[in-house]
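The structure's right below; bear with me while I get my questions together.
Chain nomenclature is as follows: A, B and C, assigned in order of appearance, with residue numbering initiated at 1 for each chain independently.
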Amino acid sequence: MMEVCGSSNVTLREFGSEQSLLSRPDGSASFIQGNTSVLAAAYGPAEVKVSKEIYDRATLEVLIQPKVGLPGVRERAQEQCVRETCEASLLLSLHPRSSLTLILQLIHDDGSLLSCFLNAACVALMDAGLPMSRLFCGVTCAIDADGQIITDPTAAQEKESRALMTFAIDATERRVMMSSTRGSFSVHELQQCIAVSQKASEKIFQFYRDSVRRRYSKTL
Amino acid sequence: MFSGLKDKVGEVLLPGDEFSLETEDTISLTERVKPEKVVCGPGLRRSGDRLLVCKSGVLRHKQPNMFWMDSQQRRYVPAKGETVIGIVTVKSGDVFKVDFGGSEQASLSYLAFEGATKRNRPNVQVGDLVFSQFVVANRDMEPELVCVDSSGRANGMGVFGAGGLLFTVSLGLARRLLSPHSEVLSDLQTLFPCELVVGMNGRLWVRSSSVQQTLVITNLLQSCDTMTAPQRQELFRRAAQGAL
Amino acid sequence: MAAGFKVAEPLEYHRSFLKENCRPDGRELSEFRTTTLNIGSITTADGSALVKVGNTTVICGIKAELTNPIVEAPGKGYIVPNVDLPPLCSSRFRPGPPAEQAQAASQFIADVIESSEVIQTEDLCIERGKLCWVLYCDMMCLDYDGNVLDACIIALLAALKNTQLPEVTISTETSKPEVNLEKRRGLHIHKHPVSASFCVFDDSILIVDPTAEEESLSTAHLTVVTDDEDRLCVVHKPGGTSLSGEKLQECISRATARQREIQKLIDKVIHSVKTAQ
């Protein structure tokens, strides 16, 4: 079930995703953007620890596992970004007093990692069949020394860039759900990057639709 | 009415897709206009006069106005009236705790068996399998199971006897097996006669003439989830030739 | 009556105020709480500052140590920020290792330092590949009433401006560093990053400088950091409900105004400290 998308005017690297590839989790997905690759597994709604129980909604936990070693401060900050984005798109109030767990395992980092985490998270949650109010996707933009905007940069491009921004875009209104930036930039550049990300998000959302359609093609 | 929605029946939809439920402007004068109400099944939500999709899957429709999303999910979420296969985990006082694969355990009263009274307790041990039905299943309360129907009859429910094998399949396959004219089931029954119990929670219980045949059936059912009809029939035929 | 309403229906309580374009504590939607600043409060530290934004109190202490530069960057020193949210400041924090919020805040401060280049790390190098300064910036929250990030950034900036590093020479005979504690000089601050935090209520209403209660009831948070040249350093929005471009623009213009206010405040406080001496 491997699919690959080419690139046109807003250039994203080739991206692809595979769903339900793990047997134990309730939903799983791998997401690949160029050489960046992430594996996501979603569990839930499952039993919740009493200390983490919330009376009117489900508890969502996001765990990011680096390639080696234990998750550090950087992973924690990324976890927070992914978790709050997922919380806004999931209908957590439909499963009160239960727990949802999303595990993101980094396979290979070649730039645009946070956006890859977001995309993998969205596909895995969709695969698990959890109720969602909207879909979202992540897009990373880098501004290089000449002021050119590069979407979906590689690690080398990220290193040379003057500023780096990652946005989560929601599927219904194409608005910014999450933003995380590095480096300094002007207001105009920010608005430009948001516009470019919104354009790039269309491709990812179309890809989501195609891959789900392919998945259900046998039961149509 | 619902013309926009009906056009999409059988198509794949994603969370966030929206439909308007507003009544059409033109009202037919000759026909009697009945106020129609749409019935939302799993995966659909109403918000004001809009219908929102909240699970990815295929939109299904049943006359006159029932709509739901057919999605492939692995985790079971209980719903009232559904029958499931559960495992008794705790015996405490007058209720049993039953694990059915959901987010919490369901309770099953010892009086909820056919012919059970305060004196005449049913013989249920920890670890037993029960085939039972949900009478309470909502998000705010503990789910509750019973092994009797509304007239107090067992109606096929109760504790499983010895022998047989329990295994799990995807919820989608379990639903397909339970549909009135299931092709999978008819394909299977012609080649391998067996006793089969299907729970809506994706748990299946099989018993046939020999252990070997039970295992063959188990493997066939587990593997036919992602197959098209010709592929499945081919597999079943090959298995029948090899096994017999 | 009002107290009961506040406890039973906190969200409705806030909504009824927001409808009238004001907030329960009497502020307007785009009004910050009173910000007070004290510089040099910890005499044993190399630099320190205490900031109060309304009830939120953050103290920042900077400790400079001599160390070897890391191999990848032999010509640079480094800065290690750490945000501590102890159980003292609010009942929501438990004793034990730092929770996610504290770790995310530390990462945010580190991002701001790196993005804004408030200090050029080359300035911290004493001898290339041999000796450099490391600045441990510890920010501790003493009273948590929301918007801890803004308070941390102000405390950090003021403390950095207050930092006096002793002169260090490397003796030619023993090739060991000699620290002259009598002769101290201030750090060179290149940029003045200041943040402004916002909360989104009911997906549409923006409020600035939220209190802890407003933070917990809102659906999204946003922090914008700008420097003296009106460039953006960090636009941090960790998820939550989505925001349109126009709303974002509103936040940015409020953040640039805030930057001016805070820079003026810091300059004024430093001036008053100097004249007092």
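Assume a contact is a pair of C-beta atoms (placed from the backbone, for glycine too) under 8 Å apart; a residue touches a chain by one contact, two chains touch by 3 or more.
For clarity, every value in this text was computed on a predicted model and none was experimentally measured.
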Co-neighbours of subunit C and subunit B - touch as defined: A
Innermost chain, taking as reference the mean of every protein Cα atom displayed: A
Separation of mean Cα positions, subunit C and subunit B [Å, integer]: 54
Between subunit A and subunit C, centroid-to-centroid distance (C-alpha), Å: 28
CA centroid of subunit A to CA centroid of subunit B, Å: 32
Complex contact set, residues of subunit A against subunit C: 73-74, 76-77, 79-88, 163, 165, 168, 170, 173, 175-187, 190-191, 194
Interface residues, subunit B side, partner subunit A - complex: 10, 12, 14-16, 18, 43, 45, 52, 54-58, 70-75, 77, 102-104, 139-140, 172, 226-228
For the subunit A and subunit B complex, residues of the former touching the latter: 20, 25-27, 43-48, 89, 91, 94-99, 126, 128-135, 171-172, 208-209, 212-213, 215-216, 218-220
For the subunit C and subunit A complex, residues of the former touching the latter: 100-101, 103-104, 106-108, 110-111, 114-117, 219-220, 222, 227, 230-245, 248-249, 252
